[in-house]
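Here the structure comes first, spelled out in structure tokens, and everything after it is commentary.
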């Protein structure tokens, strides 16, 4: 379904309003499905977008219960600003980066980032490093692979990582550097090939969340946090292409 | 398909239009018909919301409405709720960002009026307000319709401001434009296409009706 | 409602000084050639154009225009029939006529609208839409609209120009009666002599942005003050001559060797140059014969050079040594068997020979 | 402050306006003056880019320009480059999304023309095209100015479409609206404010100049 | 360029059938009361309004309107002076006049513009902006604009109505000469009798959307076919009587007990009802005296009931048992010492007494 995403929940269900980074899109759908059947059911009302945008909105009092960012710094800064208790910041996953090319591309994606050095690849899409954690990670990874100088002039920037994925998926960019979670999504999986970028070649994408101070139903929000960091949640996140915090 | 979002959009666009038009008419009349030189400058000022990127406009509105600003705090103390991320907040932002769409066509229409008719009205003892209501406005129906259409349509399509100020809350601030964007972001092209199509059909109906209404007495090419 | 209207109006195209005692002259006709500044004057009186510094408009007790004074149009309570009508196209005829009645109780408006339309001979147009009115219909509706609010000053810019003769004749009479009955001081622009004569008490002749003459209609038409006025009011024969002397209570003028007699003009001395004005309708044609000592003191033998129908009369051009133009009715024309070459006698009473002094300073129009 | 981005925006807005106006004039004339009933429908169709959220519009343009679409493939084979992420691609998208802003004010202006003047032109032997050029257009200067202003300003402020089709390439597709947005997102409020201010001042200058130009012969309130 | 214009024009407000042989009548005057349908007819001829089914317009070899035929306005090559001028406000005077000259080499246009302006007595307006022209100035520019492209048919809707008398008189003569010289068939709408007489060859009288009479100007003015036409063309006296017999080559009519003599009317038999039309300018007034056996065969003793100035003449109302209206010139008026109550003799030639048969079927206007 649309961004709202949550399956219809029985009346009286607890509702949690979630602001989630774009790379969580598919994983959270499944989380929501599971939670909706839990007892008592929890209904997730999820909005996806760029972590930076959510930070702005929450700083100005946006009525969310839980913020799942693509990094740890935004949640931490929210806590520092008094928008959440410092204890309520939690890490829930580690983002993984892939090089993604559409089907039919002549690029040998198995060579990873070095394949991008070839000008024949054309435009390379990444998230905007200025405010998207995945963009920053992609730039760092390309630098450590020593290809950044040769790719820089061909970079195109998506507003968030999902948009970067779309640039390549629509065939307008020759390749993209995106979140594994997106590359694994059913809608993208059969439209292209991907190769993971080795984790050590870029600063760890520790993804953090936070239960916000103004939450209407703290119990429900905490249940979401518990679920994500618990056994069932971590299994789902793992399946959708995340490493687990501390792994 | 997100019917709720469509509902929010229609409500938002309708209310924005209803609020803006009565506001825009006197403003446009002053801008168009005033003899003061400053009118030119003010006309440009009114057009400014057009130039600011909607997200930036949204950001500034957000800041102004937020709890950090005096206005936001005052609102919160008075009503007990924040203005941002509510339908009312969205309405405020929409009114602001659609202002030029309501004012500009009216300015053009008023500026094109036959001055003899304004003079005739003055001779017959009417004030400017009376003349505006009884002569200028009825003779500017095409401009009024354009203003209404542009305001309504622009609000329905508005994205950046709503994104920043609305916070994408279903039933309150998730408009259809946001909903479609979300579908696209989720690679759910089918839903995006379906929602877009529904909106297009609806808009087409509204616009066609509006345009038909104003068509009565219009100037046409001489036959054939 | 009698008041005095005093206006000194300066604008780039005109500089006019007009003073109307509306008690003595309830209806003033503004007469002058096309482009003379008549509409400009009316617009300034209505407050639609702002006159230039040095102007001054006062109506009764109300100062309308003066240095740093400018009463807005809507407060002047004038009725204005625009030369191009300027009807509101979006309102029906009744809506147009009732437009200025906002100060009147709503219940009384329909009656007033009907009265005004009837006064303008347009009662049958009451329910018509304004678009699609014919030229003459629009003019009558515009007249009704100007009359309806009973203004304190009425400005009519060619109110009857688009009408056919029977309608115009009828309306002219009705209008004059209405204006006198309601006592609204009125200024009417017209190009029509008959209209000037039948509608107006006084007439103001404006030429090239200047007021040339102002006075009772008869006086102006019969005793134009300048050659320009004479031409404008339709004096057909204007000759240049010089005074030979005064005898028998008459002034004698020599025009190209012919002697004409006129009622005495005290400013003229023998030898003075003078303009001689004779209206075509003041020249009677008779069969040639011995001079009779009747009242027409000038009897000039003349030859007919041309005969043209001109409205209800025949316009006869004559060569009497000097060129004359005369009007005769058709029966007279047939009686005299007027045709080119025919010998006749042109009889002109001395009172009909009008002298204008100092023609040398006159700027011919 | 990102002067380069300002340059891109001004170039984009200027070119969009230059391309759109000559296109919009005949379209608007047809829509306004045609006696055919279908004109009402087509007028609504022309207004549609307004209703679609810019990002969605951008997405569809992106899809149309991409290698998956025949148009995109044809362009790529002909020119050897993709249209997306280039200035030209942005221009195409801008022209499309600004279409209603150019057409609507002109339609209103043409619809308000004095029909007698069109008739006089026909009597004097002019074709509709001639009449459009020599009578309708000169008498619709206010509408034309409004169309130009709205098109220019809307393109400068346009965000969603540019975001989708541009790819944020400095000097080519990073417009000032994107640059400001990026600054805001990067918490660089100072730069955002400075760039916004620069753009506001520039826009104010452009608009004021344009409005002054058209002010000459306009209808005004009767004095005073 | 002589061609025949045949038009059957039906629209909701009119149903007209007009056929003009432009060789015999280069200038046709359209005459009729306000709202009669004159403008509507011109608009249909110009192709601006589409006539209703059953209509048919043919000009020379060109079929302009017929079932499923409608030649667009711009191909008809007509010149049209609109009643409300419709000048292009954004073009200067010269631009307006040159607007229709796009088929002419660019070099020749300035000369043609000057010629057209001169023909319309508006040469001095050449460089003026159009906004700000006075009413009469605008009318002359509109005339020049219509003349400039030398159209194959000229439609003039009240071309001189806004002009002062001297300008109008001058322009009338010039216009007539120009139309004859260039040979452009012309239809002129006018409300002015003099204009009809001096400009037109034929006249078509339209009343209430119907063509009532069409023929040479003189004939129509002197022999109106219906009472409605008589009223419109300004026959001042229209009486109802019945024929008593034919004697002495004259028809005798009884009107309210008074016997009038008229030139014989072959369709009338003794006892028939008839309308009697007498123009005011065909009635001569004389001092009362014994009947003279002169040519005016009707001599009615009458009492003056009113005297009004009417343009160049005096309009005298008479009671001769029947009510009569007469025009006399001012010298005559003074000679007869006309004033209310004065006894005079009204003399009317038999040829001036015009009979209209079967008045019972006439719809009085």
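In this document, chain identifiers A, B, C, D and E correspond to the written order of the chains, with residue numbering beginning at 1 in each.
As a working rule, a contact is a pair of C-beta atoms (placed from the backbone, for glycine too) under 8 Å apart; a residue touches a chain by one contact, two chains touch by 3 or more.
In UniProt terms the chains read B, D = Molybdenum transport system permease; C, E = ABC transporter ATP-binding protein.
Not measured: the values here are computed from a predicted model.
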Touching both subunit A and subunit D (chains): B
Selected pair, greater C-beta contact count between A-B and B-C: A-B
Centroid spacing, where centroids are CA-atom means, of subunit A and subunit B in whole angstrom: 35
Interchain centroid distance [CA atoms averaged], subunit D/subunit E, Å: 56
Euclidean distance of C-alpha centroids - subunit A vs subunit C, Å: 91
Chain centre separation in whole Å, for subunit E relative to subunit A (CA means): 90
Subunit A residues counted as touching two or more neighbouring chains: 53, 56, 163, 166
Per-residue multi-chain contacts in subunit E, two or more chains: 47-48, 72-73, 84
Residues within subunit B bordering two or more other chains: 59, 114, 119, 122, 139, 178, 184, 222
Residues on subunit C engaged by subunit B in the complex (per definition of touch): 46-48, 72-74, 77-80, 82, 84, 86-91, 99-100, 102-103, 131, 145, 149
Of subunit B, residues touching subunit D in the complex: 32-35, 40-41, 43-45, 47-57, 59, 100-101, 104-105, 107-115, 118-119, 122, 128, 131, 139-140, 142-143, 145-146, 149-150, 153-154, 156-160, 176-178, 180-181, 184, 192, 196, 199-200, 203-204, 207-208, 211-212, 214-215, 218-222
Of subunit D, residues touching subunit A in the complex: 59, 62-63, 65-68, 72, 82, 84-85, 163-164, 166-169, 182, 184-186
Of subunit A, residues touching subunit B in the complex: 1-4, 17, 22, 25-26, 45, 47-49, 53, 56-57, 59-64, 160, 162-163, 165-166, 169, 185, 187-188
Complex interface listing, subunit D residues touching subunit E: 114, 116-117, 119-127, 130, 134-135, 138-139, 217
